[in-house]
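One structure is given here, and the rest of the page talks about it.
All chains are identified by letter, namely A, B and C, in their written order; residue positions are counted from 1 within each chain.
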């Protein structure tokens, strides 16, 4: 009953890893762009802009990722009459999702910079954009690295949800393998192990970076 | 855009959606309660237990935190029957959610435990209290109070991730939305409304958790 | 013609009246030391001068121009008024040279090479030229504060404000900073300092301003105020300051 699970089947799983990583990287890149604007909006002087960003973050942090995928996929078809392929829909949905989380992380990083730094920069006659560019953002960027790496781990795990709408990445590959080999006791633990190999080093990296940056700048962002 | 929205179809099926929401709430609340117990035990084990327990809990936590929830569900539902442990879909969902929350919450609580000033523990020890008593009376209450916001956020995350259990045909809001969407072909409308319901549940949980905080931690108690 | 004129400045924080009808004129080249107990409004007054605090009423005139709190005017004002903070507020991600050249290059458009020369010059003035490539974390508190002074001087301001710049320093590091202040005063820089350093005030200040409960209680040359305080409040303040163990304040005068 079913194929046996051998090297060929294992390779099939391995070949799905690039899809997982590519989707994660793409969503991280897309999310970085969205997140940058969200972070800036969150600290904007205008209240409506701040509310907009807060609402966006609240929406993506208060709804399931799976629902976000569904709404994006069907929403694109319905609102813009575009029949998108799985890649585009999933990439867009995960980018918007990442943007909310990254925006919140980066806003937190900016707000972790003491007010005194803003004052010192302003008193050197620097305009607000220049204060941000030369003084605040370089420091905020350093602090934001550990939580951003931590979010990357979260993202890699969440790409598994794309399997539910049929997108072929590592988890879906696992489902397909289980359906042909009928050996869930072998396939899924191996899939878990593969995710572990991808995620655990990044988790450790995030923890190490947090310790080092904390020592260097004397600032810590608590999550 | 030549799509005609028909939200009235959703309105007709609102009772079923609300029933799904209720199931999601029940499932999540149960998993929260059980997961919290697991978390407290694990936090105690990792911080005050013997070395082997510390490493066992550490392995459990790292395993859960570096693998996707979806894969964890698959293992509980599809892989376990192979070794004789056959769970119903809803039971497997509950177990997976409990195990998942237990890992994350135990780390959060452990952080709270480590924030307790060591002087308090020393004072308790000098008074002759046994380790378990110290934990129960001196440590756990202030620890949970300190980390309550992080814990509350983790609970909300758990509730949101419950939508993924629909893949193993557990009955909750997403599963019901799926079947309604596919029978009425009004996918966008149903997923849109379901997303709104999740948002409402998330906000409700936030309010409920705040109320619990107030009731447990702030009613004139000297914490 | 006074370089700086404060007219009836008042400022309230909630229910607390921090400043009440404070008026002060500072001539070019004058060194004004503001003294008083905590909460007397000294720092608030200082911070009003360069726009970090906005007074509720009253006017401030710098160089005969009224101080307007618009971003553009504040930016222009801060090119002429420098400030040194109690906690130095150096930029930790930049080396000393870059800390100093940032203002001139980014705000005044000075070319990098000229800015670097300027950095060397001001570091020489504070006796720290050899630390030009160091990072703030590698420096002691006194050194960081001297770099902060150099950073303010690099903007070539006409007036420099000092907000209790020795208050956060270990006692043995205060002397090196005071020496710099003495030198600046001798060289004719217009300075307004909030300070507890009575030795410096007596030695190098032209005018002492004693503040109490948000008002200027007494004002005059150091010799007169310190030897013959007119009010009981100033007398008891001087007593309190000077009763600190004199051996710990060896660097005073």
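The rule we apply is simple: a residue touches a chain if its C-beta (ideal position, glycine included) is under 8 Å from a C-beta of that chain, and two chains touch if they have at least 3 such contacts.
On a predicted model such as this, the values are computed, not experimentally measured, just so you know.
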Chain pair with the greatest number of C-beta contact pairs: A-B
Taking each chain's C-alpha mean as its centre, the one farthest from chain B: C
Middle chain, criterion being Cα centroid separation: A
For chain A paired with chain B, centre-to-centre distance based on mean C-alpha positions, whole Å: 21
Rounded Å distance, chain A centre to chain C centre (Cα mean): 47
Computed distance of Cα centres, chain C from chain B, in Å: 55
Footprint of chain B on chain A - complex, ascending: 59, 62-68, 70-71, 74-75, 77-81, 153, 157-158, 160-161, 163-164, 171, 174-175, 178, 183-185, 188-189, 191-192, 195-196, 199-200, 203, 223
Chain C partner contacts - residues on chain A that touch it in the complex: 116-117, 119-128, 130, 134-135, 138-139, 142, 216-218
Touching residues on chain B, where the partner in the complex is chain A: 1-3, 62-63, 65-72, 74-75, 78-79, 81-83, 150, 156, 160-164, 166-167, 174, 187-188, 191-192, 194-195, 198-199, 202-203
Residues on chain C engaged by chain A in the complex (per definition of touch): 50, 52, 71, 74-76, 78-79, 82-83, 85, 87, 89-93, 102-103, 106-108, 137, 151, 155
